[in-house]
Amino acid sequence: MQNYANPTHFLRLVRVLLPVTAGLTTGLLAVGLYLALFVAPADYQQGETVRIMYLHVPSAWMAMFVYLVMTSAAIGTLVFRHPLADVAQKAAAPLGAAFTFLCLTTGSLWGKPEWGTWWVWDARLTSVLVLFLIYLGIIALWQVIEDPGKAARLVAIFTLVGAVNVPIIKFSVDWWHTLHQPASVFRMGGPTIAASMLWPLLIMAVGFTTLFLTLHMLAMRNEILRRRLRRLSMLAADGAAPLGVVAEPAE
Amino acid sequence: MQIEASALSVERGGRVIFAGLGFGLRAGEALLVKGPNGAGKSTLLRALAGLLPLASGDIRITPATEARLDHDDFGSIRSKIMNVIDFKGLERDSGEKPGSTFSPPALAELCHYIGHADALKPALTLAENLAFYAALLGGGEIAAALARLGLAGIADLPAAYLSAGQKRRAALARLVAVARPIWLLDEPLTALDTMSQTIVGELMREHLEMGGLIVAATHAPLPIAARDLVLGRPL
Amino acid sequence: MSQKPQAEKRQAAIQTRRSPLAALLVRDLRIGRRIGGAVSMGVVFFLCLVTVTPFAVGPDQALLARIGPAILWIAALLATLLGLDRLFQADAEDGSLDLFLMSETPLELIVVVKCLGHWLLTGLPLVAASPIFGLMLGLEPAALARVTASLLAGTPALTLLGAVGAALTVSLRRGGLLLAVLILPLSVPVLIFGVAAAGDPVVGFKTPFLILCGLTLAAVALTPFAAAAALRHAGD
C-alpha cells in the first residue's frame, strides 16, 4: 500500500510543480542567455569566446550537483528503502551524464581558440572526464540488471563508492597536473570576476538548476509509470489482472 | 526452542512470490513445504535462511524451556538465541513499523541450509570441502560425518569426480559435521538412491529427537512425521 | 558432573580447528594452486601487454625506458581488473556464498580474505615479474626497484577496488567488461600515484609512494563494506 501511496502523491505534486519550474526555467534561461550573449562584455584577452563560459561553468556545476542528488537518493535507497529514491537515482543518471557531456564539449570548444587544440589534459577537464566515465558506468549498471529493486540497491552502492572517490580523484588529478604542467594560466570564474559577468553567470546557474529539476521530475514520472506498467504486465502474465488494463500503455 | 513466522511475504523483481504466510514450529517438529513449481518453496526456505529480504512479516525464535535443549551440542547455541531475542526487543522498542523488512542476522547462524547447489569446490577433495565448511560454520567432527553418509572411502577424491548422488550426500554431511538446531532442506532427497534416502531419514529423525527443527521443501514424501504447509500460486 | 570433560573436549576441538578466515585463505590458495591457470595466466597477460606496447610506440630504447614505468603500471592495472570477474562469481554459482552469509564471520572480513587470497595468487606474481619485464623495457636498476615497490604497494588497492566491481557484477553472466568500465575510473588515483612513485624524476619517490600506501590502506578500510553490501543484495 505504502509503495503505491508515495509515488501517487508524488505524481500529484509533479502535476502542480511542473508548470512552475518549466516557466521559471524558460524565463531564467531567456534572461540569462540575453545577458550572456548581448549585454555582458567580451573579455579583453579572450574576446567573444568567453561567452562559452556562461554555458560551461553552469554545466560543470550541474555535473557535481546531480551527483550530489544521486548520492542523497542512494542513501534514501539503502537506508530508508524508499521506492521514490530508487526512481530519483535512475532518472538523475542520464541527466547528470548529459550535463557532464555539455561541460566537456563546451570546454573543448572553448579550448580550441584558447589553446589551439580541441582537447587539453587540463586538470579540471580531466576530472570532469573521469566523472563522466563514472556516470556512464552507473547508467550501464542500471541497464544490465533486470530487477529494478536489485538494480537500485547495487547502483546505490556504486554511487556511494563513487562519491567517496570523486574528491580523491579530484585531488590526484590536480596533483598530477601540477606535476606535469606547473604553470596554468587558464582560469575560469573565480572571485576576481567582474559583476557584469557574474550576474549572467549566476542567472544561468539558477536556470540550469531549474532546468534539471524540471527534467528530473519528468524523468521520474516516466519511470514511475514504466514501473507500474511492468507490474501490471506481470500481473497479467500471472493471470491475476484483466488484460484490458494493460491494453493501452501510453508511452 | 520454537520458530514462529507470521505474515511473511516475499517480493522478487516486483512480483509477489507469496504473502501473508505464517507457521509455528516447536522443538522436535518438522514442516514439509509443498506446492507446485513456482509456488515459492525454495524462496520461503531462502527467506528463512536470511538469504532473501522479507517484504513484510517477521520470524521469531524463542528458546524452549524443555531440558532437551540442554543437550550438549546445542548448549552454545542458547546464548545466541538469547541474543536474537534481545535484538528483537530493541527493534520493537525503537518503534519499528510493522511490515518493514527485518530479518535477524543471528537467525541465519542457527540454521543449516541445503539448497539446490551443493557448494562443493571441484578442485578440492571431499574431506577438504567439508573441513572448510566445518571451520566456517562453527565446526565439528568431519570424519564421523563422512562415515555416517557412507563417504569415508572416497573422502580423499576431488569433488569433481563424484556422482550427483555422492555430491548431494557430501552437502548433507554438513548437517552432521556442524550442529545447528534448525535444518532448512530444499529437495534433500534429490539424486539419492534408496539406501542413502534411508540414512538421511535416520539423520532427520535423530535430529528431531534431539529437539531440532526441520523445514523441508520437497515433492517426494519424506520418511519422517511432519506437518504440511501447502503453498499455492498467489492471487 | 559431565561438564568438565565436555568442556575440555570442546577446547581441544577448537584448538585443532582452523579459524574460519584461515580456512578460507587456505581453501582459496589450494584451489588456485590446483587449477593453476589463474597464476600463470595473469603473468602471461602482463607479458603480452608489455610485448605489444613497443609495437605501438616503436622500438626507441630511450622512449621505452622513459615510459616503461607507465607501461608496467597500465599492464598491471588491466591484468588485475580483467582477472577479477570470477572472484565471487564461482562462490555465488555453487552456493558457497549462501554459506558465507550464514556463518558467524562477518562478510566484510570474508571479502578481505578472499581479496588477500586473490592478490597472493595473481597480484604478487605480477609484482615478482615486473623487474624482469622492466629490464626488457630498458629500465635502470634504481627505476626497477621503484617500479617493483610501487606495484607492491599499489596492486592490493586495485584488487580491493576491483572486488567492489566483482561484487556488483556477481550475478551477471558477462560481467567482466562492465567490471572494468565501473572500476577503471575509480582506479585513476592509484594509477597516478603509482606511476609517479615508479618513475617520476621531478617529484621523487617518497611523497607519491606514501600517498599510494595511504590509498591502499583506505581501500582496505572501506571497500570491503561496499563489496559485502553488494554481495548481500546480489542474492535477491
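The chains carry the letters A, B and C, assigned in the order they are written, with residues numbered from 1 in each.
What we mean here is this: a contact is a pair of C-beta atoms (placed from the backbone, for glycine too) under 8 Å apart; a residue touches a chain by one contact, two chains touch by 3 or more.
Model, not experiment: these values are computed from the prediction.
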Shared interface partners, meaning chains that touch subunit A and subunit C: B
Winner on C-beta contact pairs when B-C is weighed against A-B: B-C
Computed distance of Cα centres, subunit C from subunit A, in Å: 33
Separation of subunit B from subunit C, taking each centre as the mean of its C-alpha atoms, in whole Å: 34
Separation of subunit A from subunit B, taking each centre as the mean of its C-alpha atoms, in whole Å: 47
Shared interface positions of subunit A, touching two or more other chains: 149-150
Junction residues of subunit C, two or more chains touched: 236
In subunit B, residues with contacts to at least two other chains: 12
Of all residues in subunit A, those that touch subunit B in their complex: 2, 81, 146-150, 227, 230-231, 234, 238, 240
Touching residues on subunit C, where the partner in the complex is subunit B: 6, 13, 17-20, 22-24, 26-27, 30-31, 34-35, 93-96, 98-105, 235-236
Complex contact set, residues of subunit B against subunit A: 11-15, 99-101, 233-235
Partner subunit A, residues of subunit C touching it in the complex: 164, 168-169, 171-172, 178, 181-182, 184-186, 188-189, 192-193, 196, 200, 202-203, 215, 222-223, 226, 229-230, 233-234, 236
Subunit B residues within the subunit C interface of the complex: 12, 46, 49-53, 72, 108-109, 111, 113, 115-121, 123-124, 128, 131-141
